[in-house]
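Naming follows writing order (A, B and C), and every chain is counted from residue 1.
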Amino acid sequence: MAKTNPGRFFEDYSIGQVIAHAVPRTLSGGERALYHALYPARHALYSSDEFARACGLPAAPLDDLIAFHTVFGKTVPDISLNAVANLGYAEGRWHLPVYPGDTLRSDSEVIGLKQNSNGKSGVVWVRTRGVNQRGELVVEYVRWVMVRKRNMDLPAPEATIPELAGAVAAQDLVLPEGLDFSDYDFSLAGEPHRWSDYEVGEIVDHVDGVTVEEAEHMQATRLWQNTAKVHFDATFREDGRRLIYGGHVISVARALSFNGLANAQMIVGLNGGAHANPCFAGDTVRAWTEILDKAETAAPGVGALRLRLVACKAGGIPGMLRGEDGKYLPHVLLDLDYWVLIPR
Amino acid sequence: MAKTNPGRFFEDYSIGQVIAHAVPRTLSGGERALYHALYPARHALYSSDEFARACGLPAAPLDDLIAFHTVFGKTVPDISLNAVANLGYAEGRWHLPVYPGDTLRSDSEVIGLKQNSNGKSGVVWVRTRGVNQRGELVVEYVRWVMVRKRNMDLPAPEATIPELAGAVAAQDLVLPEGLDFSDYDFSLAGEPHRWSDYEVGEIVDHVDGVTVEEAEHMQATRLWQNTAKVHFDATFREDGRRLIYGGHVISVARALSFNGLANAQMIVGLNGGAHANPCFAGDTVRAWTEILDKAETAAPGVGALRLRLVACKAGGIPGMLRGEDGKYLPHVLLDLDYWVLIPR
Amino acid sequence: MAKTNPGRFFEDYSIGQVIAHAVPRTLSGGERALYHALYPARHALYSSDEFARACGLPAAPLDDLIAFHTVFGKTVPDISLNAVANLGYAEGRWHLPVYPGDTLRSDSEVIGLKQNSNGKSGVVWVRTRGVNQRGELVVEYVRWVMVRKRNMDLPAPEATIPELAGAVAAQDLVLPEGLDFSDYDFSLAGEPHRWSDYEVGEIVDHVDGVTVEEAEHMQATRLWQNTAKVHFDATFREDGRRLIYGGHVISVARALSFNGLANAQMIVGLNGGAHANPCFAGDTVRAWTEILDKAETAAPGVGALRLRLVACKAGGIPGMLRGEDGKYLPHVLLDLDYWVLIPR
């Protein structure tokens, strides 16, 4: 019997099943340094222990996307090894900042199943939870993927489609204990724009572009111990191209969004997201943001913004997302809907 | 007089000579993060402080190959700057895990010399020892290389060919103090297969492939302060190609072997190894393992496996190593014989 | 109004103006590991805590160029976003070593302004100071750049050209507290050559070459949070090439200079520097050094050397810097004039 992991197929999932993902991971300042080398990340709260302390935190946390990618990477061997497509995200919340020295592990509960009409694959919904070494919840999100069946003759399971919130409600966002933007230093953070300067419907063009290299996206993806073949093996796809991990595009776009949203410090909610078109090495990625919603929070001086972050390759135009047919335009790579915390 | 290092030539070595290698090196979590970015390494004992503590260690050590590459890198300016070929390894043993904050240095003793019949070069055998900041032995191995002569007119030294063990005897393997796999968590480690599940002669195909990039192998090789020109300077070889450091292929293959040998946690012995064919950027590396031997150990719940790890580029077939002429097949990159510790 | 940073134009600067640069940065062992992965850096004082302690320091500092690049990177959004050219450096001094855990921020004072005769741009001189979390001065230097005007109709400001020293005087160099090379271990450092072995006028060819990759220079430049578009966006220049950050070439050349100047441990002064020609991925960089001056210091066993470090691409010849017309030869990439500390 083969000892290698064949991955799970559609018929291997059942509602209520909880899968504990392997390989817990201790993170250090090394992962932060690599994050800064791989992405043009400049948010001050994640760059400087001093700045973070002035905001009420004990030290600079690791980027919220480091926590997300680490937790996500663990799920790949169990959830998406035989996935045909990564269909969506919902109900994502960050519960606790992650600091150097923390160890993350994760599990996923199957909350939805629906076989496709072709009988060859189906959609699996899972709620993934990442916890630290004290068992405290760090980040959670729902993700759904289309997975192949192994045995086409098996009957379809009863369809269960979870009811998912269109967005995390502002009052359900979790604020880090002690967070306080009352004495926030806008000059050190890099821009003067605060919560009240952004209006719903406003579009911010982040201007800068980054041309992506094979060595970069592979290093990033491996760093999260995400070993999906399609990202690393140039012989896997017929066209000889390595598909870039969607999370790499998320981090590139988020880092680019510093230019115009330098004070959108912490990510606290993930409302939804689509990897609209594949990204390949050689693409030059740009980003723009639409302000979707605004909310106050209970923390001193802290407001929340709901943002649509769109990453594009060449040809992308800020504000242009879908064509007349309602489909994503061909240059759109990412459409991400998320909540951030920003000084008021 | 030129102040740059010309390297040693064959006539510069003598039996019993001990060469202290330069540039001691302090390792940190940064080197671990880079190791995870450069290789698809997932062994839980090296990824998680919590997992390592549950196995009786004080924290997650740095990968055993980080220790090996660091010690090896130090030897390059003294041993292999004028080497024509890296011929083999033997009698390698890891004596102590390396933790972030440890400082490694190394020396090599010349234990064998044999001039080639052409009078232009000779084989030099050295026993290299890496020690930490407390002077404790961390890793040792014998390596032999073919080195050019500077002065062809010099007479050959008396030939001394060391007697080397074909393999480290299982009872000579050094087990880390406190190591205990009695409560080993197979679920967190990623696979259910234990010592008793592997049979001598069994072949494990590790399935996954990694296409290697110039930026990756150069970063890895520099990280170990190995500055052999042939890895970095595209004008050095006539064909304009940079030869990939053999140790990079070892680490790629070892990391790939997680898929099927996720519980083969610690490397404790190096019995032999050959870099069968050169590896270049663009090659897609795959790996397979043959179980060569099994042994019990004195540590609770800990068994040992002797493994042949073979790395191949395109065209490699698991189990196929040599042609009818006894030579390595052209797609074979690495043939490594080593001992690992695995839960029983 | 656009929220993104348009950068400052020539008319936005005035004499005496002090600009506090954004995004303070905490450095760790992760940045050191990346420095070793990106550059062939081997100076023992920066590689080993033990070696540094034997030289009177509390631990191995981060490379002096890590401090320089971090401080420099912070200035880019304020000083050189609209720069046409980076014209020179002067009066650079390192005041304190930087250790893992330190947080750096920086500000720049405008000390010179001169509009060009074409009325479309002007030269801006700034004195930049990097300080740590205790407000202690870490590194300072003068830099001048040519910056575009936004409004061509504005009158020229009164020209102010600062008087800058041709070189930092030896007696003005700042020596790290406690530095003591009395018991310096030349064997561990890698070369026997000391202060007295170098003669003014001597040329050292550093021999080794490194072929540079896109992924490497972009990772390095991002690591310092330097986000100048021209280094990252292949669509920015008409020729589709990404210009390599001049500081990357400085670090490559300095690291290569280990071979022949292994004991030139600490950089303490920056007298001047020119990025003579652009460097692009694919170039193979080599380096040579001319000994410009020698000085004694008050620290035990410590001497100072003033060095000209020249980086070249293919075609460079050690000692050949300028053509008959007085201009840099086309293969010269960098001409750097700096002070180092070396055992006497």
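Rule of thumb we're sticking to: contacts are C-beta pairs under 8 Å (C-beta built on N, C-alpha and C of every residue); 3 or more make two chains touch, one makes a residue touch a chain.
Chain-to-protein mapping (UniProt): A, B, C = L-erythro-3-methylmalyl-CoA dehydratase.
For clarity, every value in this text was computed on a predicted model and none was experimentally measured.
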Same or different contact residues where subunit C meets its copy subunit B, judged by the half mark: different
Subunit A onto subunit B, rotation angle from CA fit, given as a multiple of 5 degrees: 120
Approximate Å spacing (C-alpha centroids) for the pair subunit B, subunit C: 36
Residues of subunit B touching at least two other chains: 28-31, 33-34, 100, 213-215
Residue numbers on subunit C that touch subunit B, as the complex places them: 28-34, 36-44, 47-51, 60, 100, 187-191, 193, 197, 204-211, 213-216, 259-262, 282, 284, 314
Interface residues, subunit B side, partner subunit C - complex: 2-5, 20, 22-26, 28-31, 33-34, 77, 100-101, 103, 105, 133, 213-215, 218-220, 222-223, 225, 227, 229, 232-236, 242
